[in-house]
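Look for chain A in each of the two complexes below; its partner is chain B in the first and chain C in the second.
Up next, the complex of A and B:
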């Protein structure tokens, strides 16, 4: 329960930072779709070059990206290993029960490892070069087509904004509550299973009561300022497209051409 | 949550206060997702408690919405560990929905806690999340499952115990004047 930094944004000045958050979010989604198309080594080579190009373009140190991969590294390696042993084909080097080590298996293990790393790297580019508030705005923009299904997107945006605003507050509140309970003898990290399960209650109930009070206060404040629902309101914080947003567009187009052609090889 | 009027899709309309409360519970879920209990070998995250709260207070449909939004908010603030993928948003939405079917406006009973936890574990954690991992990373389903299965066999039992105590405490809050 050490200190957790809210937001992974790291300031910088390369062009990646000036790209519209909507373009960055769409490019991240698109990159993951394009990775599905990679089936042979040419495809993986192309997508790796493009993924690394995005990483280099941020101008950030390698350690930033290593920190993104680090929490997942055992999962990545273990899944890649499992894939290696479950996949049979080509030359067989070693065989035992359901496990086989073969040339195809090794290649497939490397492919899984590449996919994992590339997806994490590109997602890290997204979160590290964009402020959380901008990412949220981009998500709201992407949710807009849900209007076709009569979903109240304005209401959903409101929930996102309030939740986003109150995560740091509630985070501080949680730490404070835990310290207050600790000062009276509560122990959150010791004792048996049942005791630990019970120890969640003195943390959660005050947190929820706080939230109830905040909800009551905030809704009263919003209504007294004239909030009558999400319709018929203007926007103060606006995202605007610029010329630099053509870069992710070309990036996606060239990537598509490469992935489709390598697949046909 | 006294005045509720029926609206489309079986979603009951929320008063502004309840909408703000939904946002707060979404924020609680995001915060709890960063905490965990356990020792060096086994860590159980607290994110599921947020899902239980969403389902218990807002029911399956708003729970679904809240779960999906909690995934978006958490990705925006902390980044998505496994990469941005819509499948995980769906899983995050289904969890509170299942809890909602079992807990919303229902008495807290042991069988409900056990059944809900097992269903969430099987549908969301074992089946869907493994499916997403295998889809995204091009691994065989069995290979992805082998990586995850051990943890998913142990954590549900711990989750059940925590859910049981949490629900009892929360129903006390629900009956109090605060609500």
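Up next, the complex of A and C:
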């Protein structure tokens, strides 16, 4: 039985879950652009409050978001520290060789830290409250204008949907093959680099073969059910705008006004 | 020696919203050298239990004693190779684990991992190729050029080649033709008769009736029965309640009984024939 879920979607029922995936995706992009409009502490304060508001609105435990930030924490801290120690300006508190600790540096370090963390937090809000297939649908909708340039958007979205659909299948298969080879004495975490690289072969070969078989089976299954390209197909999941989607719209408008105002301070 | 499970529980994704109980406080003792069947429907925890036998999964709580090893939640992932040489698993559709360029090399993979020399590995590989019923000339072929049934045999040979003391097989005969099924089951029975422990995970109650000495029945991660096949299959209502099927011989006897030809409930086809013959002529079937 598959215990994993695709992506990081966690079931829930707050209104964030009911917002149209297109709105969520666009708001996330918009929010990230807005972060870069912040130039002073008022701006960062406003954007942080808005970011945290989105986090709170999901109704999920803080741990979920901490898990999102955790893998990136060293990169964030490293970048923030670089900013802190290499930037001069304002009052200099300490100086040694090429390192400088100044008031400007500290402030900039904090800004970089906030920027990074907020980007990860709002992306997490979207990925944990939106099913991967909904994200794929939303991406297809956003890509629609490309049809004007003869891009086969339907095909792209089919590829994305199939890829997402098979992530858990391949994951299960990987675990299964690793367990089978471990039972045969394979050790994936032992030895030097070359030994480790070699130990991957007994896992990768079966995985590739399995993926090809799955792909062939799927194409046979699709063709035998009359699939002839995505042109003119109707959809099973139809995205519809609702009143809830006004919330992210107002959220974006108020955020824009605030950000523009803080820049003028 | 025996295999001992003491209050073993396993929790999937502990502490996350996806937390789920895999095994729920299992305690049992299995005698080594027996043919043991593990039954229960999909999702009952059979596969989870199976992966505890060679510590692919470690219990969330409780303690396991197997093949001279003790596995607890604190057991380190290092140094488990010795355990895996003694206790090995054959997963469902094991042909998915083949990867080498030739059949022989694939069978040699396990033995070589467990420290067999090149000559020894080749020797056991050739021996087991024959034992699983394949001709010597497939040895140099690519495993991917074989039929599904042949691939299955190669994969099983690849695990049996290092002759683990305890082998646990998950539906090893699923998808094989009837003849192939009997051949594989006889191979496992013979392996057990030679002094090894065989644990068979199966849905096929005929195999349980024909081969098993001992049966573990799982449901919702719990052990709901541990007994000899005859006792397990005795209570028809209990089996029905737990969505378990009966051996065909027993079903057949039941139909005969309903038609007025009442005989003692048999376990195997041979017993069924004996009972019918005895009832018809008053002489035992032989």
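Operating definition for what follows: the second predicted complex is superposed on the first by the 258 of 265 C-alpha atoms of A that agree within 3 Å, B and C clash if a C-alpha of one lies under 4 Å from a C-alpha of the other, contacts with A are read in each partner's own complex, and residues count from 1 in each chain.
Convention: a residue touches a chain if its C-beta (ideal position, glycine included) is under 8 Å from a C-beta of that chain, and two chains touch if they have at least 3 such contacts.
Every value quoted in this text rests on a predicted model; they were computed, and no experiment measured them.
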{"item": "Partner chain in contact with A:222 - chain B first, chain C second, else both or neither", "value": "first"}
{"item": "Which of chain B and chain C A:214 touches, first, second, both or neither", "value": "first"}
{"item": "Touched partner set for A:10, first chain B, second chain C, both or neither", "value": "second"}
{"item": "Touching partner for A:183 - first (chain B), second (chain C), both, neither", "value": "second"}
{"item": "Touched partner set for A:136, first chain B, second chain C, both or neither", "value": "first"}
{"item": "If touched residues of chain A are counted for chain B and for chain C, the larger one", "value": "B"}
{"item": "First, second, both or neither for A:83, with chain B first and chain C second", "value": "first"}
{"item": "First, second, both or neither for A:205, with chain B first and chain C second", "value": "both"}
{"item": "Contacts of A:194 with chain B and chain C, given as first, second, both or neither", "value": "first"}
{"item": "Partner chain(s) touched by A:30 [first = chain B, second = chain C, both, neither]", "value": "neither"}
{"item": "Residues of chain A contacting chain B in one complex and chain C in the other", "value": "1, 4, 189, 201, 205, 209"}
{"item": "Of chain B, residues touching chain A in the complex", "value": "8, 15-28, 30-31, 34-35, 37-38, 46, 49, 53, 65-66, 69-70, 72-73, 75-86, 133, 135-140, 142-144, 146-147, 158, 161-162, 164-166, 169-170, 172-173, 178-179"}
{"item": "Chain B partner contacts - residues on chain A that touch it in the complex", "value": "1, 4, 6-8, 25, 28-29, 32, 35-36, 38, 68, 71-72, 75, 78-80, 82-83, 85-87, 108, 111-112, 115-116, 119-120, 122-124, 126-128, 132, 135-136, 139, 150, 155-156, 158-160, 162-164, 166-167, 170-171, 174, 188-189, 193-194, 196-201, 204-205, 207-209, 211-216, 218-219, 222-223, 227"}
{"item": "For the chain C and chain A complex, residues of the former touching the latter", "value": "12-13, 17-18, 20, 42-43, 47, 51, 54, 56, 77-78, 81, 84-85, 88-91, 94, 96-99, 109-110, 113-114, 144, 158-159, 162"}
{"item": "Chain C contact footprint on chain A (complex, rising order)", "value": "1, 3-5, 10-11, 173, 176-177, 179-187, 189-190, 201-203, 205-206, 209-210"}
